[in-house]
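Below: a set of structures, written as structure tokens.
Same chain, two partners: chain A is paired with chain B first, then with chain C.
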Partner chain A sequence: MDKGSELRRDGDWAVLRIWGEVDLSWSQDVRRQVLEAYAKVKSLAVQLDGVSYIDSSGIAALVEGFQHARSKGGRFALLAPSEAVRAVLELARLDRVFPIFTDLAAARAA
Partner chain B sequence: MSAPPLLRIEFPARAESLAEVRAAVQRALATQHIDARIAARIVLAIDEACANIIRHAYRGCGDGRIALRIERHRERLRFRLRDRAPAVDPGCVKPRDLSECRPGGLGINIIDETMDHWRLRPLKRHCGNVLTMVRRLHARKA
Partner chain C sequence: MNESASPLIEVVGLEAFYGRRRILHGVDFSVNRGEIRVIMGGSGSGKSTLLRHIIGLQRPVSGTVNILGVDVGRSDAQALLAVRRRLGVSFQGGALITSMSVGDNVALPLREHTQLDETTIRIMSRLKLEFVNLGGFHDLMPSQLSGGMIKRAALARAIVMDPELLFFDEPSAGLDPVVSAELDELILRLRDALRMTIVVVTHELESAFRIADRITVLDQGDVLTTGTVAEVRASENERIQDLLNRRPRSVEVDVDEYLRRLTEEDA
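Let's look at the complex of A and B:
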């Protein structure tokens, strides 16, 4: 299964795009990438439109990013979560907790 | 006489096994013409159960194995996961309060929300645990 990630800078934000299936075999790596991104910026958006599957360990990586931002006065956003991601966020009732936007421009404007 | 299983597999208790397990469960559910949304939830719940066995029962050591059996009894699907890890105290395995925003511990909530009932039972005579989960196909749960 094709999976991967890329990190790009866009002004004062970093955007981590991840795609493929995020499960226990990869979620620790995603977690590390999320936390490492905060070494360079205070605002991070994770783009999730290409994520075809995510389990609770992948969701935990996102929660850590969110909590890190809150504790350090930074910002955290999810961009365009796929239907698969949305379903798990809703199940965990995190769709009401995470700032979710269609794109970076919307996150910036919020 | 019980019906033949829809799926009967055994696999290494490693995170790298999970993608293949999900695909096998997906194929088995497809033969039963189950609604795609319900099938996706069931696949997720089984993945979470396997991940819990790998992380918490075997403690990530990677040497163990997990056996999965799926059966259909009329309008019920029955999932049985068996491991050979040290006995787990079922009293310690419970859903957590979802109003707390913290990483981890969501797997049991996902199983609990997806299945109509489940039971974790440590084996008395042999090393291992059996997790049995049942899902009605026309249940109110999504």
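Let's look at the complex of A and C:
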């Protein structure tokens, strides 16, 4: 299945869109991109509507990004997580931990 | 999703012996991807022996065991290791390493089998402790845990690699009803969210009926039936009804066999 990621700038935010199956085979790439994005911006949103599966190594990359933002006074948001992502977030109650928004405008306004 | 039509587990004609005693009699057993299968049976029915063959701890004397496309009876050590990396096992007694903290126990498979950085390993293993409601317990030693907590920590370790296949031996034994119900719920969610195929060995009826897609009933080394919860409940087989209704079984006595067991030197 098609999978990949794409980073774009939107004003003072960076948006990392990832899609397909996020698993051990490339979740470390996602982690690296999340951390590299914070070298350039203070606010990062990860767009997850196209993610058909995410394992716990993928979730770990998101947790690390969020922790990084909090420790450096930046912002972190998840945008439009698919049902597949939500199911895994809920397993660890992370749906109550991550800031989750439908789109970037909502994240900005929060 | 790349679903394979062939079963993830396929056991054909499996025979097993302890000494001269035959434990499994030509057992056929297959589990499809995404299924939750419960193996039920009383003590001595052969449940654990079947499980030990499926996870490759015992090689079949006769018959074949095929897991994730690998014939475990005929594959070399390297192929067997590759299969084991894709499955998780939660043993009945927990089998935690007593000299390691809970967190290190859970992280151990990731440290042994992956090249992940330590931050990812830490987060992944603590996530799994959150799954089993042991969040924040990573610094404790196994000796400081209750029986139910050990069981949950063992499950966290079994799923830390996000295995395709999870084996869970007696999840509910010795647990209070609330924790037991929570574990049942977790098993269902692991299948749905993380796409695990799960084999649970249990003799807890309530738990079996709650989680199983299909139940395989073993009795004295024979598969009595494999069917949905409704099919097993409706079965007219007397042994199955004994099991469901907790009736003591009447054991047939073969006089010659009995005397041989008591008197022969190498029986």
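Odds and ends about this structure:
By definition in this document, the second predicted complex is superposed on the first by the 110 of 110 C-alpha atoms of A that agree within 3 Å, B and C clash if a C-alpha of one lies under 4 Å from a C-alpha of the other, contacts with A are read in each partner's own complex, and residues count from 1 in each chain.
The definition used in the following text is that a contact is a pair of C-beta atoms (placed from the backbone, for glycine too) under 8 Å apart; a residue touches a chain by one contact, two chains touch by 3 or more.
Computed from a predicted structure; not experimentally measured.
After superposition onto chain A, the modelled positions of chain B and chain C overlap sterically. Applying the stated contact rule after C-alpha superposition, one finds that A:66 touches chain B and leaves chain C untouched. Using the contact criterion defined above for the overlaid structures, shared-chain residue A:106 touches neither chain B nor chain C, since it reaches no partner. In the superposition on chain A, contact of A:7 is made with neither chain B nor chain C.
In the superposed pair of complexes, A:52 makes contact with chain C only, with no contact to chain B. Once the two complexes are overlaid on chain A, the chain A residues touched by chain B in the first and by chain C in the second are 1, 23-24, 53, 55-57, 59-61, 63-64, 84, 87-88, 91-93. Within the complex formed with chain B, the chain A residues making contact are 1, 21, 23-25, 53, 55-57, 59-61, 63-64, 66-67, 84, 87-88, 91-94, 97. Residues 15-16, 18-19, 22, 37, 40-41, 44, 47-48, 51, 54-55, 98-99, 101-107, 109-110, 113 of chain B touch chain A in their complex. Within the complex, the chain C residues that touch chain A are 1-2, 114, 116-117, 119-120, 123-124, 127-128, 130-131, 160, 162, 186, 189-190, 192-195.
Here chain A touches chain C in the complex through residues 1, 23-24, 27-28, 31, 52-53, 55-57, 59-61, 63-64, 84, 87-88, 90-93, going by the rule given at the top.
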